[in-house]
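Shared between the two complexes below is subunit A, which pairs with subunit B and subunit C, respectively.
Right after this comes the complex of A and B.
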């Protein structure tokens, strides 16, 4: 199979031009930044709260924006046009994720600046955040493919927001040991454990298991995306 | 001549309801073939199967001599153009930007955009945002998109259904030009005039079955009656047979300067369709 960067780039450019006129997406992208700025002003962040702007950027910009963009392609029957073109599955998926990925990285950088979060180890922080980004983009793609309309992504995405976005905040309130164990295996919790570990001066060897679990989440979400895409692409 | 499409005993069912029943036909290279039938007759289902958007329940389908599964290969997709009933456009982008995306996807020079926009009579509107276009204009943009890469095989599902006569004429001229350049065209329509104007052969699809497939001329000739209708000066209508007696009668009317109009009683494709199926096309 021939992979064409030209086709990936064409989809990215199209999404970029579209984004400039899409007020819904632009407004949604601003939410994590506003939250980060508020948190920065409060200056009373706990451990969980200190990394929450980054988690929120991943889930809002990574998953929800991606879901909305994919769902809109389905809703307006434009995904069909891409599918019936010479673009391959991989080219379409990468092309469709490129802009949300870039926007998420920018929103994460903005959130870090506005919240005043100190990045502990840039290479390891970047690696873990990148794995998290791939997972959330894949989750967003799945949500978009499962939704019939952009509006529906908010409904279908709500459990995802709660589980992958807010479970770390609920964890102190949970008393059931099994449930705590499950929460601790979730990707957002893995990211938190990595980031807290790095802040405490831990090195690569200490966070290897977290990275491995995160990688498993990425692999599973990627495979699921391909399977669901093949099943749901033609509405 | 080489067959571009070969379909044998094609069947498609939706929840135990048979939409296509043992459909068989071939489309030759360079031909324009039209599938005529009312809504629900199976026209769109046929196109969707031929373009790998739907799986057939049974039967064999080959495009460019290859099984339909191979169509997903970019090499084959580059040879095909598709306009379906729900081909979408990016509403917030301009006509030009919509087509520019597909130029890159098909690796076509962007100079081609102006050519196709001229064909569909939209060259003056290229910078307009799609959201602001009428339904007919949007249809012309999707048609331009399908023709952009000069495909070897073009599938058109009701290509002029939302267009006025002037734009329909533009589209027909564009399709004829594309066909002359070697593109095989497979179109569905319920407009018998359109089928007569641009199709080399037409197939009547009724309740998921092909009831007749031939050239429009052959279909009309085979189904014509052996009579000629005359309208005379005193507004009298006369029907004469196509035989020696009829010829003499017509001669006498001409000699006396009586004839206002004269028509051979050749049916339209619509008449033949109604006769064969008992249903109207619309």
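Right after this comes the complex of A and C.
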């Protein structure tokens, strides 16, 4: 069956209409914004905290919303109907990713405004954020594929939230050098390093290594998504 | 013209036979009902859409193997399963528009909504619809892309009468357009009310259930009508059965109770207790107070004995106690049902040919 943008679009619009009335997703989307507003008022512009709202927006809006949307189709048994229609799984996942991607970008913009973060070098900032976004969407898809209900996504999403969301906060507390090295390789840390670097006036050449590591994360998450999708039949 | 063929289809799990090999061909302009239990029906549908393995045989849609190419044929097949779900937060219009875009067809959503009788609920959230309205929405989704083959699983289970009428109209329309519908149901009565082509599928195989067609039923009526004119005995009944009267006189000791055998006991029922009698697999079942009791007598014998008590042969496989009939429903021009006044509000089919006779008895 040929890939059809019309069907992707149909799924996008359907999920958009559904999302507007889905209080779970609306509240989840509001969390990063509230955090951003709080941090902005606190004026606690330490390095870690200034970029924290953006990282949180990526993980909550990107990964959790995507996971919830995929898992809800399974939980409510609506997936069967979709799979028996001409829509392919790829089209379904892309339609959903497009919506959660868009929502994430909106939430990131909102977070930046609320927290009063000054964006350094827009093109490079956007590029790095976009790479991060793709990684988190893939992670969200994996969570969605692994869980059967929306409830389960929060449970198996917890480790993801702690590792990718909180590790920057824990870093100052950790003394083990190996552990710090590992933490610094995580995508959220890479993003932080890129953004701090850009704020310090560094150019594209200086953050190339970070971008490369981020790209590796994206590639790994993509491959993992495909493997898990193949192993666990969507239905 | 052949649309769907099942050749030597068989399903076994381990050593258990779900159903043995059978052949079934569906032609255009046909509505076929398969009466089988839920498990058999599920397996059959899952085999057709390629979700379960086929133990043996083939399912051909025109000349393609349906189970292997379901996705590419999905634009030509409409499916409504028992456990289908809807998007609770969408409205019926949004839901149908979504599927319209998925199928990429150009249809009038409003006309479809009119057809499934949801016009006043069009902007209500699906979660607020009643069960029957949801079932109608499922039906709408299944027929939305005007599929050549419509597969419905238990389409009339638990739905209200309004929805049944809608369903019948949709099916009639579907058939008129030269399309095919396959109805899979557990309920023999609902199978009969939707079509005249009924098969039973179980672990013993596929069996066609003979349903009296119009001509032969008309013939029966004429035969019956010819008889009473010869000896017009005065009688309480609107339609006297002379042969019975004579028998009664010859055999005054005849038992008026109807025996049914349950385990080791024989229960004797008063004819007036019986709501209706159904013949199923060659055995008559007496329906009394919502329960069913097998009876050794054939339907013909039973009818002879029950006729004086106001019973009526409304269908080849049914005898009904006219006192218990509450409603006569006309689904379409060719299909009728009797709704009974018992606890379950049972609905039993009425042959077209018997309608006039019934009208005559009731004096309409």
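Please note the rule applied: the second predicted complex is superposed on the first by the 230 of 235 C-alpha atoms of A that agree within 3 Å, B and C clash if a C-alpha of one lies under 4 Å from a C-alpha of the other, contacts with A are read in each partner's own complex, and residues count from 1 in each chain.
As a convention for this text, contacts are C-beta pairs under 8 Å (C-beta built on N, C-alpha and C of every residue); 3 or more make two chains touch, one makes a residue touch a chain.
The structure presented is a predicted model; accordingly, all values stated were derived computationally and were not measured.
Student: Following the overlay on subunit A, give me a clash-or-fit verdict for subunit B and subunit C.
Tutor: After superposition on subunit A, which the two structures share, subunit B runs into subunit C.
Student: Looking at A:2 after the superposition, I want to know if it touches subunit B, subunit C, both of them or none. Which is it: first, second, both, neither?
Tutor: After superposition on chain A, A:2 lies in contact with subunit B alone.
Student: Considering only touches as defined above, state whether A:76 meets subunit B (first), subunit C (second), both or neither.
Tutor: The answer is both, since A:76 touches subunit B and subunit C.
Student: Let me test your reading of the model: by the given contact rule, A:85 touches which partner, first (subunit B), second (subunit C), both or neither?
Tutor: In the superposed model, A:85 contacts both subunit B and subunit C.
Student: Just one of 224-232, 242-250 or 314-322 in subunit C runs into subunit B once the structures are overlaid; which is it?
Tutor: Residues of subunit C that clash with subunit B lie in 242-250.
Student: Intersection of subunit A residues contacting subunit B with those contacting subunit C?
Tutor: Touching subunit B in the first complex and subunit C in the second, residues 4, 6-7, 9-11, 13-14, 17-18, 21-22, 76-78, 80-82, 84-88 of subunit A appear in both lists.
Student: Of all residues in subunit A, which touch subunit C in the complex?
Tutor: 1, 4, 6-7, 9-11, 13-14, 17-18, 21-22, 76-78, 80-82, 84-88, 235
Student: What does subunit A use to touch subunit B in their complex?
Tutor: Touching subunit B from subunit A are residues 2, 4, 6-7, 9-11, 13-14, 17-18, 21-22, 76-82, 84-88, 234.
Student: Name, in rising order, each residue of subunit C that touches subunit A in their complex.
Tutor: It comes out as residues 49, 51, 70-72, 74-75, 79, 81, 83-90, 94, 98-99, 101-104, 125, 141.
Student: For subunit B, which residues are in contact with subunit A within the complex?
Tutor: The touching residues are 51, 53-54, 74-75, 77-78, 80, 82, 84, 86-93, 97, 101-102, 104-107, 145.
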